[in-house]
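So that we are looking at the same thing, I have put the structure below in structure tokens.
Labels A, B, C, D, E, F, G and H are assigned to the chains in the order they are written; within every chain, residues are numbered from 1.
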Amino acid sequence: MQKEILIAGFGGQGVLFAGQVLAYAAMDTGKIVTWIPSYGPEMRGGTANCTVVIADEEIGSPLVKNPPLVIALNLPSFDKYEELLAPGGTLIVNQSMVDRGAKRDDIRAVFVPCNEIAEEIGDRKLMNMVAVGALLTALPELSLKDVEKALEAHLPERHKHLLPKNYEALKRGFEAAQKVPA
Amino acid sequence: MQKEILIAGFGGQGVLFAGQVLAYAAMDTGKIVTWIPSYGPEMRGGTANCTVVIADEEIGSPLVKNPPLVIALNLPSFDKYEELLAPGGTLIVNQSMVDRGAKRDDIRAVFVPCNEIAEEIGDRKLMNMVAVGALLTALPELSLKDVEKALEAHLPERHKHLLPKNYEALKRGFEAAQKVPA
Amino acid sequence: MPAKGWIEVSDTYCKGCELCISACPQGVMELDMSRLTPRGYHPAHTFKDGCTGCAICALVCPDAAITVYREITKAVPATA
Amino acid sequence: MPAKGWIEVSDTYCKGCELCISACPQGVMELDMSRLTPRGYHPAHTFKDGCTGCAICALVCPDAAITVYREITKAVPATA
Amino acid sequence: MPKEMWKGNEAIAEAAVRAGLEAYFGYPITPQTEILEYLSKRMPELGRAFVQAESELGAINMVYGAACTGVRVMSSSSSPGVSLMMEGLSYIAGTEVPAVLVNVMRGGPGLGNIAPAQSDYNQAVHGGGHGDYPRIVLAPSSVQEAIDLMVLSFDLAEKYRMICMVILDGSVGQIMEPAEMPEMKPIVRKDFEWATNGAVGRERRILSSIYIDPPAEEVTNFRLAKRWQEVQADEVRYKEYYLDDAEFVVVGFGTAGRVALSAVRAARAEGIKVGLLRPVTVSPYPYQVIDQLAGRVSAFLVTEMNMGQMLEDVRLAVRGRVPVEFYGRTGGVVPFPDEILNEIRRVAAGRLSAEADPRVSWLTRMASVK
Amino acid sequence: MPKEMWKGNEAIAEAAVRAGLEAYFGYPITPQTEILEYLSKRMPELGRAFVQAESELGAINMVYGAACTGVRVMSSSSSPGVSLMMEGLSYIAGTEVPAVLVNVMRGGPGLGNIAPAQSDYNQAVHGGGHGDYPRIVLAPSSVQEAIDLMVLSFDLAEKYRMICMVILDGSVGQIMEPAEMPEMKPIVRKDFEWATNGAVGRERRILSSIYIDPPAEEVTNFRLAKRWQEVQADEVRYKEYYLDDAEFVVVGFGTAGRVALSAVRAARAEGIKVGLLRPVTVSPYPYQVIDQLAGRVSAFLVTEMNMGQMLEDVRLAVRGRVPVEFYGRTGGVVPFPDEILNEIRRVAAGRLSAEADPRVSWLTRMASVK
Amino acid sequence: MTAPENLVYDRPEAFTETPTHYCPGCTHGVAHRLIAEVLEEMDLIPKTIGVAPVGCSVFAYNYFDTDFVEAPHGRAPAMATGIKRVLPDRIVFTYQGDGDLASIGMGEIVHAAARGENITVIFINNANYGMTGGQMAPTTLPGMKTTSSPNGRDVETQGYPIRMAEMLSTLDGVGYCVRRSLHDPKNIRLAKKAIRTAFETQARGLGFSMVELLSTCPTNWGMKPVEALKFVEEKMVPFFPLGDYKVAAGVAQVKV
Amino acid sequence: MTAPENLVYDRPEAFTETPTHYCPGCTHGVAHRLIAEVLEEMDLIPKTIGVAPVGCSVFAYNYFDTDFVEAPHGRAPAMATGIKRVLPDRIVFTYQGDGDLASIGMGEIVHAAARGENITVIFINNANYGMTGGQMAPTTLPGMKTTSSPNGRDVETQGYPIRMAEMLSTLDGVGYCVRRSLHDPKNIRLAKKAIRTAFETQARGLGFSMVELLSTCPTNWGMKPVEALKFVEEKMVPFFPLGDYKVAAGVAQVKV
């Protein structure tokens, strides 16, 4: 088994942390995993992305050209990775920040209004967790519980009080994605 | 034809210049020549030597292990190069600064009291030229005249007035060497 | 009575850093939260009258985003 | 009357630089032109009486070649 | 110890600490700055020496000084910074004191960029500072390997009184993987018979790289060469994948080797009998294993994140017996498995380049890529 | 012009002046200091720029600056000093500006000594600074050749917008030989389309080695590689001696090559059919001629004043077809013709070393020498 | 109504169209603007060759409409020396950060100053290494937290800040050496005057000129741009006193 | 008659038997002797680690009976830092010439001083590069002829001499920084006091200490040793004024 997940968005949208949560969950459930960020020029700003590879044997390349699983948190990422997504792959799109539908029909695009959902929960920062929750519908290797456990185990103490809301964000995202017709 | 000459002595005995005079003479008489000094550690003092190679075709190594012609201006040089001299070679020894005769019998050792002769001429510095003169008895490729011409042509202007004494030193050295039984 | 002036803030250059706003002696500037520049910043603008064209905003702007005008024609060298 | 002293100049270290000679307040030192050290220098020595053991020669010697003695026993710290 | 998630650069720093690092001297440069930042906090905590030097030149000479006392010391930098250390490295090598240097390589030449690259291979393995001197060079491809090799680097440097470099490309420095840290080693100061740590109750010692008398310098060079022969005999390390029945072999180190592994697996899935050799020590280089392989396989495909540097070492080992092909990406570009898979297919199909120098046909192929 | 007696270092300096050198930046170091001292007098006389820099680091970056304006500029140093220039060289290469650097090599590693050596070959030809970059390296063996190659170096550097290094061992710098100087070239400032000399009446220009976007850096590396292929095609230079009927071949550059010539002549006198190949450009390296020779001769004997560096290039060209033997002296020791003659006799007698790496048997032979 | 005669201030000609990559509110931009204004006022644009450092201002060459080169980290003064020595009639300036100039480039700056190289140096002192993410610089204040002095700069082990303007002023080759700040309009005006004087010094061949500018790094200081200006005023100025540290006789004549 | 009680002065214990390689009359030897005397008087011989430079004093390690290392040209302060940081209870000193310290080693010395490294630096200012045959140094006097300033140092193109003691004294990390001379008995005594104070500064952990010593190079100056001393007195002292440039409060207490 090997699954590659690419998460992309603006810096500040919690792209890297979203990937790390998945990586921790994979590690804690005894899988082999890699997490690698795109590290930009020696200066500020711009878009960020990271790739998470989950497998049950030694992982070769931590990067893939055509990932089967993608989370696009903003329009530029949607534009870029819709093209690169592997045929038959799943693309979780943050509906709140894109104004168009999918162009390809050989992929499964799941539109989730992550910002809105996060704001409903009361913490706009959690939109990345909403997206992660949505992704889990396409990643049987990790359950909601696995990710919740990972958050609990690895969230820095000072953020522990945010756990309930994180759980909710994951759940809401998961449900929202399930509702979307396959 | 190729002849190698090694000249050795204390720094200050005019070792390097003696070699250069021979090199200039060789050049001016249309021969191919190399002159190479021993350049010591980045500090002062000690002994100096240089090797002159005269030939009529492209010269390979500018250094030889067993030179056929050597001028030893002091005892340490005599000790060292008597051993290294090629069998049948000629060793011009500055008698004024050595207190022993030759050990080997398969070489021709020519003892010339260079300091005394130079002092007779009235310039102790010229002892190196006396030795060069002596060497010429074993170097048919260069005549006294050749060397005199070279001195005339290449001695810096400010030293030109010393030419006559230089000529005399060469001549006296040459004669002294001739007197020595072969 | 003070001179009357006005400014233009370039959407290309403004990064919404607010330095001009805090420097404006007349307190007539603020960020325009109603719009984003192409590069994703809320640009500065004058939200009320009172700009004298003193050009202090331009003097402190790190991005040379502000052009300053004045009604009276004799241009005072602002930054020399 | 001045103290009486004497020096020993080491042949191993002396390089005949003459610094001690020019520094000696009593002018009792000179190079010994009659001999060469193993390393080929004319060493310094006292050529007449008058050394007071002031140790100034030792103080200026770059090669720590001079040992200084004095008849009176109480050693004056020469170089402190 | 249980596995924890570690970022490459921080894992390297912590592994060095656990291995008994007593002093770190460095200067910030992307993509290795996390090593320095991590140690700026960690070393003082433990009462060990940390200095952000004025430059890489300062850093390597602080390392040189500390190394002369016999403690475990290191520096880390990235390509341009490492270039500034070449004189110092040559002195350290000539003085025969142990020191560890990490180079998290970035795109070059010049200022280039900060993306992952492997284009300092020749500098680390062959050229570098002036004069002849052996140096051990380790090339990890994962966080766990980086940890293990960091610990090893200090042991090897000490054992052979040699420079031990650890070269990794930016992505090994930035990647996060679960990995196991070694136990914390207590600091035990070995009083090496050569260390200049103050002549208390013993003869004084001198450490220098001067041999003003050429024959003495030659003897030194021979001594180093002899020691290098021991290293070559005992310290070669590499990893083999699917070599038993391989008809041809891909060779790559670090990230390029890792990416190749994915490609090799994909090729195997297509029924192509290809194997992978991933050198772990690039100096000493696994010449022998390649020499043996050259006896039985039909071709080699060397893949690197540079213009073809390790390639020459493979060619030296193969000695023309079978074709050696090359595929590289450079300037900070990391190849995807598909690219290497395509090359594997090409070689499997027997479309080999004619020229003596495989770079020539590679460059033409790359041109058509653009 | 008539021949005059020139000392190697001074000849190099004067040749550079005649070739149109407009600026020299350097720092004293034996055995190259005469170049700096000569130019400290000569350049101001001619109203040209001379600066004794604060260090080799300063010097190479002054060269970098002046090179960006398109004038002919050089520096010179010796081994440790050259090691300090590695970052600068990599920047110059990455910026594609022409510059000339002379390395009068001395015994190493470290401070070593000041006697003649060839142990910076790998640094100059293969490793050196970080990143991939081609550089032209010329290796004169006599004063006349040093003069001719100095002049050539500026032309090549300019033509290919590349670093051109001239590497010689201390004895070529110190030797005196009759030699002919070229005419004094008048200074003509070419306004190169890339030179940053002030945007008067033209678009402004930028010179830098940054390509923050990896694909752009890769394109740059490919551009440099393409240019290097031209250099390889057009600029290889070497000298052949007695090769026509040679049964085996000695290969050596610089002084080692010239000492080998004496040995080869002596061997010929003994009836041994041996020839000599003396590479004049060591980068680009004459791979092709060696490749061809390997087809018809029975062995190669590589002789260097180092531990066996160019040796690898010969082995790459020979590709195992015939044995490649090695004989070196190092650390500042210059071999005498007799030593090489003995090696020639050994090879002629067919006593060849078994090992893949000829250094192994050489080291054993040297041990018995001591 | 917006006729040219109404124009009070416009973006300087010496700037290209390119927006800078600097973080919002970073006063690197102000320093750039002042240089651009001075080059324009002195009509030096075509005569000028700039030398960019390694640092946040590594891309400075994108913003000035003059020839530009980019130096290795710290070596800008050496490159500038190389250029000025072969093109003495050109105006050559370096733009350097405090890591670049005061740390790795210490040797080059001191010797360029000692040689009295006829170049102009604009020195941006923002008390840290911006580009690499906010490590300690030689100018980092005692006790100041950075990513490589996580517990605040401990002068006992990490040393004391270096006051470059004061130090370089001890050198005979220096014609003009001052420190200014960019934290408010008044100081920005004074900074511009100083930059003008520095270029005048070079134009008149009066030796080495340097203007040290106290500047902000909101991003790595973790402050809003406006707070960062306060930090400069309240924390940096007291430690790095503003003033003229050396004004050679000839330069004193220069009226700007 | 030569009983110990008669002994007024003897070769210091801290010296080895080896005669130095210095030219006759070179005051490098005097500097060595003073250091040896101080190490002996302070009983520091076993505790001390010396750092030799590249320069005529490259072989200094042959003469002192202490541990010694030999640094790359100019980098002695960095090596000393590396040693002192791991062996804080040891006494670490560098011995450097003016080419080594003031030219190529400028960055290292300034930063060692700025960091207040607790090391001692003995700085030999002989106005030229001795070992390599007398080239110009940063300390070469204006108009002075050297092999790389054959027409005499032209300050316009070759720059001005650097006064290191003055310059380093501007740094907060410096505990003790003075200039002395070796040209006559009185000054030699003062030099020794200063060297003693410098080592006391280190022993007490009072920060960076440096003693700059005006020294001769008879060989490359082309003078007799005695003339060379005159040159120091008449030409060098006026340009490099002797004196205490920085004596930190703590150091002022030290009585030697």
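In this text, a residue touches a chain if its C-beta (ideal position, glycine included) is under 8 Å from a C-beta of that chain, and two chains touch if they have at least 3 such contacts.
The structure displayed is predicted, hence computed values, not measured ones.
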{"item": "Shortest chain-hopping distance from chain C out to chain D", "value": "3"}
{"item": "Farthest chain relative to chain F (centres taken as mean CA coordinates)", "value": "C"}
{"item": "Euclidean distance of C-alpha centroids - chain D vs chain G, Å", "value": "59"}
{"item": "Chain F and chain H: spacing of chain centres that average the CA atoms, whole Å", "value": "39"}
{"item": "Distance from the mean Cα position of chain E to that of chain A, given in whole angstrom", "value": "34"}
{"item": "Sites on chain G at which at least two other chains make contact", "value": "23, 58, 70, 72, 103-104, 106-107, 110-111, 115, 132, 138, 158"}
{"item": "Chain E: positions in contact with at least two other chains", "value": "30, 51, 54-55, 57, 80, 87, 91, 95, 110-111, 113-115, 208-210, 212"}
{"item": "Sequence positions of chain B contacting 2 or more other chains", "value": "41-42"}
{"item": "Residues on chain D engaged by chain H in the complex (per definition of touch)", "value": "5, 8, 10, 12-13, 15-19, 22-23, 39, 41, 53, 55-56, 58-71, 73, 75-76, 78-80"}
{"item": "Residue numbers on chain G that touch chain C, as the complex places them", "value": "2, 5-12, 15, 17, 19-20, 22-30, 32-34, 36-37, 41, 184-185, 188-189, 192, 218, 224-226, 229"}
{"item": "Footprint of chain F on chain B - complex, ascending", "value": "20, 23-24, 27, 32-37, 39, 41-42, 58-66, 154"}
{"item": "Residue ranges of chain G in contact with chain F within the complex", "value": "45-49, 51-52, 58-59, 61-62, 65-72, 75, 78-83, 85-87, 90, 107-108, 110-111, 115"}
{"item": "Sites on chain E touched by chain H in the complex", "value": "22-23, 25, 49, 51, 53-55, 57-59, 61-69, 71, 73, 87-88, 91, 95, 196-201, 204-210"}
